[in-house]
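Shared between the two complexes below is chain A, which pairs with chain B and chain C, respectively.
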Partner chain A sequence: MRVWTKLRLSKTVCLRKFSFRSALCRPRTTVICFNCGSLYKGKVTQFRTFCFASEDQRRNLDLEPADRQKQSQTSWEPVIGLEIHAQIKSASKLFSGAGTQYGASPNTQVSLFDAAFPGTLPVLNQRCVQAAVRTAQALGCHINCVSKFDRKHYFYADMPAGYQITQQRHPLAVGGSLTYVYQCSITSFVERRSARLIQIQLEQDSGKSLHDLENGVSLIDLNRAGHGLMEIVTEPDFTSGDDAASFVKDLRDLLVAIGTCDGRMAEGSMRVDANVSVNRPGEPLGTRTEVKNINSTRNIRLAIDSEIERQIRVLEGGGVIENETRSYDAEDGQTIPMRDKEKLLDYRFFPEPNLPPLVIHCDHSTISPWSPSLSVILEKDEDFEKMLLPEQQRKRLEEKYGVPLIHSVVLVRQGLFDLFEILVNQHSCEVWATTAVLKTPYVAFLDDHKVDSEESPVSIEQLAELIHIFQREKISSSSLSLVLNELAVNSSISCQSVIEEKGLWIVDCDDVIFAAIDEVLAKNPQNVKSYKKGKTNQIKVFTNKVIKILDGKANTMRIQQLIKDRLDKRF
Partner chain B sequence: MQRMFCKLLLPHCATKSQPVQTAHVFRALYSSKSKVPDKPMWDSINYDKLPKLPDTDLALVEQLERISLVEFNNEAGLVRLRDAVKLANQMHLVDTEGVEPLDTVLEDRECYLRRDEVTEGNCVDEVMSNASKVEEQYFVAPPGNIPMKKRDKDHLSRVLDSKADTDDVV
Partner chain C sequence: MSPHDLALLCQKQLQYTKHLNYMLQQTSSDVLEKQAKISEQLYSQGTAKALEGIPIAFKDNFCTLGVPTTCGSRMLLNYVPPYNATMVEKVLEAGALMIGKANLDEFAMGSGSTDGCHGPVINPWSMVTTPSGERLSPSVADQSSDGSDWFVAGGSSGGSAAAVAAGACLASFGSDTGGSVRIPASYCGLVGLKPTYGLLSRHGLIPLVNSMDVPGIFTKTVTDSAIILNAVAGHDNKDSTTVQESHTPIQIDEDIDISKLNVGIPKEFYVPGLSEEVVTVWREIADLLEKAGARVTEVSMPHSRHCIICYHVLCCCEVASNFSRYTGIEFGLRCGSEESTEELYAENRHHGFNDVVRGRILAGNFFLLRRNYERFFLKAQRIRRLISNDFKNAFSAGVDFLLTPITLSDAPSHSWFIQKDSRTRSAEQDVVTTAANLAGVPAISLPLKLSRQNLPLSLQLMGPRFSESRLLSLAHWIENEVQFQHLDLDFHSVEESAENQFQFNDVIRK
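Right, the complex of A and B next:
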């Protein structure tokens, strides 16, 4: 439950969240989105948190949203750093030859080493090293040609050896950064941001525990134990749940694009630990808590925001934040403490004696010709160089085709970049129409059929034909999904005949439109009256009603113009 | 290890600026001379020069017990712990200036990398052969690091249940 602080209708700067109800009373109030700091004018329709824009802020429209966000939250500054554990896509485990298949029967993908039998030794998987190096290259990290492994000790049933092999002192890669697109979950605000990385290290995953609370036991499945992980540690560069979630989404897209992680968060392929603290502006960082094992981007946002809120509540109530490990309970929407307190843990790191230093070669010359070992070389891979990473794809969509960032984010995330280029370049579709068709109806269509764009039942030619019809404004956007679904069922049929058959051609007969408009105006004299009084937003109400009468087969902009003409003519 | 021996046996050679050269000098000697002295050599240790022993208070004992999973049964155990620290403290007398810590004697070797192939697994019976308790192919362990709330709830439910019972009686 959110605790609302007393509503303060600000004269200067309102620092608090307030219930949107008060904004509802004043439909034209300019409000600031509490999350992204963008200005939002008009009716607030969802239960969300905004803060009133002050006079100053309303006047200073050219202020950067980030600065405005700061202004609106000056009482506390949240600071968030992330540790992302990404499972490396490999056939076998990091140090053993057991398989890594997800969902296998319990304890079948376990070698004697994974179960920590005495006398077994780790043998490093070349592919895991290659994947981590590739990831480090894509993130612009400095790759350490010599890195070392350490043991991190903790006593826990899903870690049979009593320690995890990781890289604490000399990790594989350090530094680097990722440019990501911040997306506000409330408004449609998007912005490019950049976060710095501290390091990328190779480490072992642990097994899985099923807690049987009734019988008071934990059931242990070691199938996941020893699976290769890349731990990507960021600087504390994030300020909100949205910010961190946007970063993780983009990182996931990048890892999937370069093929080093399958990115299936629901299967636990990517898990995030968030270090959260709050402090007063200008003061040193507060005590941090760590929210562990968050496994969806939605939960990242919710977990971090609820933890920030909890910390502020504790501090404002005169309490002290303890350095502890917490977990997020999605049901209750709040974080709860884990039983092990971090200050009681002592990981007793020491060098892993069974693994000599890991060497990444700059070129072939340093590789011993008689060595039986495989090697990893920092060579430029031409295919890899040619590949466009998500950020480069977005850049190209914006710079070459003029697609706005908010749309390019969707196209790139859904893997529609290649399709977009083919449609525009080879089928001479217009950019605006292609974007409009792909970003909503086509994405929803693929989602419904649970397929990727490569295995779509609708061919590129058919799609191009549809876009051509759409860009000549012969069909309305609401009819697009109907046509797509019809094409999926019967692939031999042409777009033209589907539209013909279903009668989806746009209504451009003026008589029909005017008849509909007159009908709507006659039925709603009250709204006409308020329009007369100057409430111009009534136009939208009329437009929606007219379009409903026309079964959605109408061009919104045109209808709106016609209604306006008619109303103005009347008075 | 060689690097450390250089410093111990040939202190006059071990100038801070030339640790590498020291190693070469030592290697030359190493081939002709044994590392083991001919006669027993005794060196007295000035314990005043060593860092003070840390206080072994209850908190420290508890932490050690927790991370080692070994209990100190009696005072003799504590005395032995203190003596062990005292013995280890002698290492502070060794001059390690300019010597990089040695992780492994294989530090000049490269880590062997294998091909990514599935060669093991599917041996549930072997893997679970040492388990004291098994349930449907799972190891059974005492409850682990589960969020606190769930336990609190259990505790509450027991109280609530007992209250319901008394109500029934009434």
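Right, the complex of A and C next:
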């Protein structure tokens, strides 16, 4: 009988309380990953926090399951909401004509308005509104026909006006949701989830301060100041760092797909603030802290998880969580209070008097020249209307072609959906083979060459030929990347001749295979013995060794079968 | 008279009245003469533009490319804008000669032009009459030493008003946020037009209250006012609050049928402290209109009494916000310790702003605190709506224009004016002017007659939004009827008889 051992794993548990590794290595032990809730078998090599067990629970890990369940009611529930600042992909800024080129020399993308010279006034960039509306449509938001701009005040050297123009009270769009694929960073568990949005608002980005500590000076670069941002605010629908990071990844894919943000988090095109609190199940929400300016999906996960852990530590130590702004220190792996922000900043919001209400029109007929408003007429874009959004692509891959979610996530994220359809529909490639070739070797190949699939040096025809050869099991999966790299160097050459030249055809001569098998079995008598005693998983060990002898040019399933036959025949 | 002669004459007037302290930056005579020569050529070629060769001054809160724009504040003493305000641009495009930048209250906060860092503006009428009945001494520029008194020019656009009154230019621009054009126009005996909010671009006008600021026009006659207005009105891409339509030039209707007009007299504008002379002229003009066949009716604008307090709350809020850019980092005064950003800000702002400005910033930040927002800012906005509705109701009930006082009396003396602080004086002085700003309607200050002190007495006409054409036509009719005697400081005769240099009384055209 199988026993589910429910382990509550956390960094402290793993390292101090008991030997996590030994527990896992025990045969037939199955762990429930507290990160994703999935059953997890196998070696856990990463000692990451993936459960937030209380001190009590950690002490009582040896309790009976029923008692532990009782205990679990005193565990903590993290609640996370996100504010995502996505830079709008536009040639000029939100309220000025200055350029938005990333990496330009300091203070060269700055208009007088961006530097807050007195007497300058904001002039709304219609393209930014179009982009934000398109984003709102893609996220199923309700678009407010009339939205308004507010000023949010705080003194900061890289905010030259002393305020940021934003949309606090009457945002451009409200509601909406995004269906995203939750991916556990520990197990391979994937699951569709949905998070609700509160609003999408337009606002200005700030400049950058550079502190030269050595010379004791601060320098200001206003290139980013005034760049249009879409602030996308979610409901507190997330429960872990992985959960939030998965959402942000999918949101980024969506924005990139519809062309409203370039999604380059390393360049600051998307920055995330996370509101984090923890509470006991059934109790009201705890006091939240805000972790600001997280700039990679990895750091989203790490920052949120470390903040959750910190809050639990504070609460269990009898402390109180203060409503404060923190930042994530990637080097130390923990959040720290931000230095010069007051605890409760009063932003003194008030309506921006230089910008009349923004009115979205579907066509010219509703515009009145005398109404004091900023009128934006929605552009019709048939490409956009026909376009399949990432979630729709995943759905199609699953429903029409039967690609499992875990693979469709990769294909869609890597922008290989169209290629997949062409290969399957026009080149009659089989789905399993196409998926296998695209999702790993092809993605790695594109990554090595630093190109998109459109710019790939390997043509669709060559790729199709390769998949055909692969699906006829004439070549092993480990040879795929070799062939791709050869094709990239010499585009006129055919797949066939590359394989020929490199001798990559799969070994299907039984004599050679049996010779390899016999060699392996002869060299590992101990393993053969234990196989005989019933340890059937030894087959895998043998298989790997055989494949190694054959230089990877072998079909795993077939080898496995042959080894099994051999062993059973021999004894 | 040729543009060249005109330029020379204006320069001479400016030279003789320099001690009135109305002009800050002056365009050099050489440059002006050169430009005047070009204008002259264009006239002879018949290609002269609308304002060709007309000398015009700007209040020192309009940004002028390459010319210091100080707002009368230490904060911006070193500030040279890298661009022209739209008003400046349009006027120059129309061929006008910019003669200089006019003095003002610091950041246009004040009603006397006494609070700028460049010192007070002296009302040019002080050269023909003084509070003590004596003529102004030539050394009035340092009045503090000899203790002589004089009349204030009104504010905050006092410099612009004085420039036109003294004859240094034919027109000038001020900014009207709560009466800052109409009050000095009234005290200096000029036509002061505050157009409808949104008709004139504010781009490049350093803001006091964005939602009320309007560039205003000083001229001696209503016709001149219309000419200037036509040259600058209409949509500006750079100001989203301007009208979308391009401007249809307004025409002064010389044959306006007064008998078809309904002029409202809002009873609430009969405010305490109104001088008997102003009441008299108010009655006289009402009678004049009635005699000409107009219907003159008493109307009620019940929320007018809240104007001042409403104005002050909204003004302070916007000031607090607008002025947070003056940190001395990108531009402006930088005098603080560089040890910390906060300290640097604090010192720059402390030394850069006067008490009036700092007071309003402080109050505004208080009103905008989350806990006060509803009680102050939102409430003031609601009251603003009610005040605006008062106008709408009056106009939709058949009233074409409103006739009201503009100031409580003729120009007050400087010694009296500085007895109270700016906040008190503004509350007194702006009492009947802020309503038009809160409602965004056009208003014009029209000089009508001289007081017992030989100072101008004026009234205000207000109309519905974008009714400038009719408003100016009515003002023009009244102007013709009353034949106001403008101040004329004629220095030609002075030059001829040097011994009579200061006998200005004799040279006023009566």
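To be clear about the criterion, the second predicted complex is superposed on the first by the 492 of 571 C-alpha atoms of A that agree within 3 Å, B and C clash if a C-alpha of one lies under 4 Å from a C-alpha of the other, contacts with A are read in each partner's own complex, and residues count from 1 in each chain.
In this text, a residue touches a chain if its C-beta (ideal position, glycine included) is under 8 Å from a C-beta of that chain, and two chains touch if they have at least 3 such contacts.
All of these numbers come straight from a predicted model, not from anything done at the bench.
After superposition onto chain A, partners chain B and chain C are found to clash with each other. With both structures placed on the common chain, the touch criterion links A:129 to chain B but leaves chain C unconnected.
Of the two partner chains placed by the overlay, neither chain B nor chain C lies in contact with A:395.
Look at A:220: by the touch rule set out above, it reaches both chain B and chain C.
Once the two complexes are laid over each other on the shared chain, residue contacts for A:96 go to chain B alone; chain C is not touched.
Judged by the touch definition given at the top, the superposed model places A:376 against chain B, while chain C stays out of reach.
Of the two partner chains placed by the overlay, chain B and chain C both lie in contact with A:356.
Judged by the touch definition given at the top, the superposed model places A:151 against chain C, while chain B stays out of reach. For chain A, the partner that touches more of its residues is B, with chain B and chain C as the two candidates. Of the two partner chains placed by superposition, only chain C is touched by A:119; chain B is not.
In the superposition on chain A, A:161 contacts chain C only, with no contact to chain B. Put simply, chain A uses residues 112, 115, 117, 123-124, 153, 155, 157, 218, 220, 346, 348, 353, 355-356, 372, 374 to touch chain B in one complex and chain C in the other.
In the complex of the two chains, the chain B residues touching chain A come out as 63, 66-67, 69, 103-104, 106-107, 109-124, 126-128, 130, 135-151, 154.
Interface residues of chain C facing chain A in the complex, by the touch rule stated above, are 62-63, 71, 76, 79, 81-83, 85, 198, 202-207, 209-211, 237-241, 243-245, 317-318, 320-321, 323-327, 329-331, 341-342, 345, 365, 368-370, 373, 377.
By the touch criterion given at the top, residues 90-92, 96-99, 105-115, 117, 123-129, 148, 153, 155-158, 209-211, 213, 216-222, 327, 329, 336-340, 344, 346, 348, 351, 353, 355-359, 371-376 of chain A touch chain B in their complex. Residues of chain A that touch chain C in their complex: 112, 115-124, 151, 153, 155, 157, 160-163, 218, 220, 346, 348-350, 353-356, 369-370, 372, 374.
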